[in-house]
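Next come two complexes built around chain A: one with chain B, the other with chain C.
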Partner chain A sequence: MSTQNMFRLGLFALIIGALLLGPYWASRGTMRLLIEVFYFLALAQIWNLLAGYSGLISVGQQAFVGLGGYLIFSLAMFAGVPVLVGLPLAGLLTALIAWPTAFVAFRLSGPYFAIGTWVIAEVYRLVFAQIPALGGGSGISLPANIVKAMASSRSARESMTYWIALGIMLAVVLGIWALMRSRVGLSLSAMRDDDEAAISVGVETRKLKFLIYIVTAGITGLIGALIFLQKLRVTPDAAFSVNEWSVLVIFIVVIGGIGTLEGPILGIILFFVLREFLADLGSWYMVILGTVSVVIILVEPKGLWGLIQRWKPVSLFPVTRRSDG
Partner chain B sequence: MEWINAILQGILLGGLYALFAAGLSLMFGIMRFVNLAHGDFIIAAAFLTLVFVDLTGLSPLWAIVPIVPAMMVAGYIGQRVVLNRLSGKDLLPSILVTFGLSVILQNLMLETFSADSRRVSAGALDTAAIPLGGGLAVGVIPLLLFVSAIAVIALLNWIFAHTAVGRQLRATSDDPETVSLMGINKKHLFAIAMSLASGVVALAGVLLAVKTNFDPAAGPVRLLFAFEAVIIGGLGSLWGTLAGGVILGVAQGLGAKIDPGMQILAGHIVFLIILVLRPQGLFPKQRG
Partner chain C sequence: MRPVCCTHMTDTSQNILEVRNLSKSYGALQVTNNVSMTLKHGEALGIIGPNGAGKSTLFNLIAGTQPVNEGQIILSGQDVTKSTPALRCRMGVGRTYQIPKPFNGMTVLENLLVAATNGGALSLPDATDKSLEILEDLGLGDLADVPASQLRLLDRKRLEMARALATEPSLLLLDEIAGGLTEDECETLVQTINNIRASGTSIIWIEHVVHALLAVVDRLVVINFGAVLAEGDPQETFNSKDVQEIYLGIEA
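On to the complex of A and B.
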């Protein structure tokens, strides 16, 4: 093992170890913040996999966040499913619903695919606002008995949520890393760079896009389920919010650096640091964030990570191969 | 009779949607460029109308006189300075920049005008209606909107068919590389196209301000309506876009008749059905 790999392994072990022990050292406020960091990072990496690695530019991922949220509430309330079983089930069902959804969305391509996914997310929002059993437009809270059944105490519930969020985030980051180092990852990059050329060398791009879209929808649903399990309340506007689950996520990826695994991590750190300092500014905060992303795309489309790369070509998650010459 | 009325109002509403859509259609047709901030620019024009009325006290329709040329100039400059840098094979930058622009515009309007829902009054015109007999009546403003949509589309088609710039625009739409070989300045031509589209956006915004309530967050939904009208009508045909707008308007009108909560949903669902059954749209441009 090279010293560089040793260093990387050591760094990962240190960070993951510290995060795993979070409930023992972090205050409640810090834990809440970290949970948010974890699910936003997971969402950002997934959007990055879609747009940055596969060329599928979606502004409708909120469809699956919302579906996951509503599904776990429905499973727990109407079918009596324990939430720990309900979480993966909500993800699975979201993937199942994403199947016919993909059939519709894939009628469109390029920029029209992007707006089409947004329309579909709006359809889900409006449909859930019409269901009286789920509280219609004003949404619904998770009943107290279900919340109590989740864990023995409030802090135990929060620790559980924390570890699940951390687990999902790590699985997503490491999973995408493994994927991009595999043959499939190579096919994805080829497809993103030139669809026709990819087909000509035997990549089944249509099938691959379908598969990526549905699998990421399932994972997004799982994350959505966790988000609203933590919030204990789901409303159509919060669940299918384009501003939360698409705008912020896209800004995080774009600012950090699209098409790399390091980019979204850098983006998420910057995003939360900025938020801590600028949250009081209200809508000016969004203006600043929007301006930063626009400037970055115009000046350095590879984001902050691209800037760092210019200065010193390093890689935390290498996906390219290097000949040992 | 109530249903006929719903259909009639839906058709007229479709005129407004066709105006929203014409700008989007123009941009995509010529530059293969989709502006995700399209709806927000429409709302920005609506707020400018509000400012114009506050400042001058004139009827809001006069706002067309300063706002349309101003936005045409802004569109030309914006395309030359910023957007031309993004045109190319890669779609991602243009989608991301316009998406960012959308968020910036929405929040700037929120800071400037607050989140309140606004409307601009055109005085007696607001309630003026032409009776058609049998209890049916057509509002003057909706009718004005519909006629404007037809006029705008006719004008654009005339420009494309009968002027030198129009021919250059069509040629660019067909084959941008070859057009460059013919000694045409593509950057200038793209800016002209954006300027035309911005003029339509400005007009749509002024008319929207007179027709209905709007707030800083109302843009994205207008983008979705515009997009749906374009896809329903079929890419490349402006008259198809008008038909798409009308179909969308009627679907929403009938949906609202069934249940007020169903208005927008009904439009989306009709769009999705058409997308699945006829993804090329109802009236795609016939060209070899």
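On to the complex of A and C.
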């Protein structure tokens, strides 16, 4: 094993180890923050897989975050499904619902596809606001008996949520890394760069787009289910928020560096640092976020990771295949 | 002894490609007009014709990136008229584009890996060996790890050809691959294409650089206004009065 690989493995082990032990060293507030970091990073990597690696620019991921959230509440409240079973089930059902949606979305391409995904999310928001059993427009809280059944104590429930969020985040990051090193990853990148040329060398781009859209929808649904399980309350506006689940996620990926696995990690660090210091400024906070992203993109379209690469071409998650193996 | 055969009946097993009465139009513009042609296994066919005659469209129809309006495309005895382009690629159709279409976000080697793992259906390790071999043959060996976006025109054209070869085609469609090359480069290209032929691959080559084309092909088809104008022995066909008049625009 090369020293570079040793260094990489050691770094990963250290970070993952420290995060796994989170509930033993972190305060309640820190844990809440870390859970948020985990699910935002997972959402960012998913969006990066769609837009940066596959060329499918969606601004409608909130459709699946919201679906996941409403599904886990419905499963727990109306079907009595234990939440630990409900989580993967909510992801699976989101993927199933995304299937017919994909036919609508892929009637469109490029910027029209982007707008289409947003419209689809809005339709979901409007539909869920019409369901009285789910609280209509004002939403619904998870009943106390279900919350209590999740774990023996509040801190046990919070630790459980923390570990699940961490697990999902790690699975998403490492899963995308493995995917991009496989032949499917090569095909996705080819499809992003030139759809017609990809078809002409045998890539079934239509099937691949459907597959990646539905799989990412399912994982996004799973993340959404966890998000609202932590918040204990779901409303149509929070569940299907374009700002929260698309705009901020896109910000994180773009400032960090689209089309790389390292980029969204840098992006998430910058985003949470900015938020912790600037959140009190109200709408000025959004103005500053916007300015930061414009400046970064003007200086380096490949984001913060692109800046680092200019200075020293390194890679934490290498996906490029080289002729020397 | 040749089998006694009735007119309009051909032994399909000998032909890698049969195009029957193919027509394609965009609105009122007829770009392919009742074109029929056959290609035997291992044969090399040249196509010439003025700009806008519908040569590239014919490739789009054969490769499947555009649907036909009428007619049939038979590949190795199978009707593929309605098959997806990706499936046709897996069945052995490889093609290059007149304006190269590299995957710019990837390296030269990765460009070939996409082709070898999909069209060629190889595993990644096998695809890597195969791709490196092709790159070496086409003089791109040193550029394997270079991003495709950084290639100059000649190398982009070589990559276009290399990527098509990585799909392991039994029928290779070459679209103006010699345009813009110097005499020496052209000679090398002719040699490369002759080598590909020698390995048993059938070729259809659209080309304006006629002397290069004539150094390779067994048969020449001339297309004008979307229809077959003449067909036959390359030299004879090219020198015929009709072709000289229409193709070169001179009164012969």
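One rule holds for everything that comes next: the second predicted complex is superposed on the first by the 320 of 325 C-alpha atoms of A that agree within 3 Å, B and C clash if a C-alpha of one lies under 4 Å from a C-alpha of the other, contacts with A are read in each partner's own complex, and residues count from 1 in each chain.
As a convention for this text, a contact is a pair of C-beta atoms (placed from the backbone, for glycine too) under 8 Å apart; a residue touches a chain by one contact, two chains touch by 3 or more.
It should be emphasised that the depicted structure is a prediction, and the values quoted were computed from it without experimental measurement.
When both complexes are overlaid on chain A, the residue A:E196 reaches chain C alone and has no touch with chain B. Contact with chain C, but none with chain B, is seen for A:S182 once the two complexes are overlaid on the shared chain. Using the contact criterion defined above for the overlaid structures, shared-chain residue A:L93 touches neither chain B nor chain C, since it reaches no partner. Of the two partner chains, neither chain B nor chain C is touched by A:V83.
Contacts of A:M31 after superposition: neither chain B nor chain C is touched.
Set against each other, chain B and chain C differ in how many residues of chain A they touch, and the higher count belongs to B.
By the document's definition of touching, neither partner reaches A:L75: not chain B, not chain C. Contact with chain B, but none with chain C, is seen for A:W118 once the two complexes are overlaid on the shared chain. Shared contact residues on chain A (touching chain B in one structure, chain C in the other): none found. Partner chain C is touched in their complex by these residues of chain A: 182-183, 186-187, 189-190, 192-194, 196-206, 259, 320-323, 325.
Residues 51, 55, 57, 59, 103-104, 107-108, 110-112, 114-116, 118-120, 122-123, 126-127, 129-130, 137, 242-243, 247, 250-251, 254, 258, 282-284, 286-287, 289-291, 293-294, 297-298, 301 of chain A are the ones that touch chain B when the two sit in their complex. Per the touch definition, chain B reaches chain A in the complex via residues 28, 33-34, 36, 82, 85-86, 91-97, 99-101, 103-104, 106-108, 110-111, 220-221, 223-224, 227-228, 231, 261-262, 264-265, 268-269, 271-272, 275-276, 279.
By the touch criterion stated above, chain C contacts chain A in their complex at residues 63, 65, 84-86, 89-90, 94-95, 97, 101-107, 109-111, 113-115, 117-121, 124, 127-128, 132, 144-145, 163-164, 166-167.
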